[in-house]
């Protein structure tokens, strides 16, 4: 029905967020950062689905960060948020 | 009856050993090394008693080394052995 | 449980090769003699534990590794490393922590990570170092891609502790 | 269980102050770039764990420590350190071990002990280092005497792991 995501320039002011992808997710999607305009109450889980990032829901191995801190996929996003999807970490 | 320990120069050839003391044991005894002539079959435990190193038997905190390896206080000594009594270790 | 004084924690990301021993010695520009601890205001700790991880010569496929590419999330990676190190330092009551991590394209044999912990006792120094190393492997956003035979493969997960 | 190749183990006793980082770097006379591992024939191990212990500034009595005197059993101490390091290295399957220990009269802040372990995995490197440190504290003949207020007191037993 109501699409949660619109082009940033076409949506209501104040609900624009930034989406970032890293590593294998970035390469599969073919982009690393996008500005999006959202309906109020949109969650990372919904953004993932609407952007067609793969597999329907967020895979269990992918973690969500909001404003550079780990966050729940079900936390409503706020205007200006930086949302990132992180594939499995392999540091150290 | 038979003393296990004699002066090194007065005993049968071939049963002379070296005794060494370290750290607090050395200071309490007032010497660090002695050559001793022993009766065959003498053990570190017996040497400790005969030398009057304190407390009758070897205290539980004191360890015995023969030829620079930890050894039993009840192991018979052989000619040429280097016997050492080691107070509690505190390295590192 | 509250820490009256914040525990000094230094986090560094290096875009090029770094020398772990030079960092431990306090860096080339450090004129003090206290090494990395001295630079954090702490002289000659009674106990110090270090861990250095380096790039292996072999890829997961078994072929020779040409390079290991390390991607990170600028900003979040530094914040996570700081937070993990602070929490681990406070949990173990240690005196200071240094974490250095490589990013970018690294060659076999080059240092990937250095974790150094100073403390008053050997147990906390060793345990904090070990725990922080595990924590950063799972909680700090880094991604490795192995280059072997001209092909790049993203590493999903970490080398087992072994 | 048998080791086809003996594991390189270097044991050093130092009668004067030593610099742990200089030893890790391979020593002043080492012209190789592989550090202490390179000197033992091993280049750039994937995992390396170090521990450095230093003389505290306070005696067990709580008073300021003037010096720590370290007595050892020449010959047996070196043999025990070698044996303990070899056994620990074989048990954990590590690649190389370096142990340096101070003897004689040491001042607060000076290094007492360095244990370094190189391995293919972080777990064995860390566990071998930790176990070897505990082993040498209990099984290598060293005796400490604390000098404080002009009086020397033999230390009976070790600092708790903490």
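Letters A, B, C and D mark the chains in the order given here, with residues in each chain numbered from 1 onward.
Just so it is clear, a contact is a pair of C-beta atoms (placed from the backbone, for glycine too) under 8 Å apart; a residue touches a chain by one contact, two chains touch by 3 or more.
Owing to the predicted nature of the structure, the values given are computational and were not obtained by experimental measurement.
Taking chain C out of the picture, touching joins the other chains into A | B, D. In terms of their C-alpha centroids, the spacing between chain B and chain C amounts to 51 Å. Taking the mean of the C-alpha atoms as each chain's centre, chain C and chain D sit 23 Å apart.
One simple way to say how far apart two chains are is to compare their mean CA positions; for chain A and chain C this gives 29 Å.
Residue numbers of chain A whose C-beta contacts span two or more other chains: none are found.
Residue numbers of chain C whose C-beta contacts span two or more other chains: 53, 133.
According to the touch criterion at the top of this document, the contacting chain pairs are A-C, B-D, C-D.
Chain contact summary for the complex, chain D toward chain B: residues 53, 70-73, 75-76, 79, 101, 112-113, 133, 136-145, 154-158. Within the complex, the chain A residues that touch chain C are 20, 22-24, 61, 65, 68-70, 84, 86-92.
Partner chain D is touched in their complex by these residues of chain C: 21, 24-25, 35, 43-56, 108-110, 119-126, 129-130, 133, 159-162.
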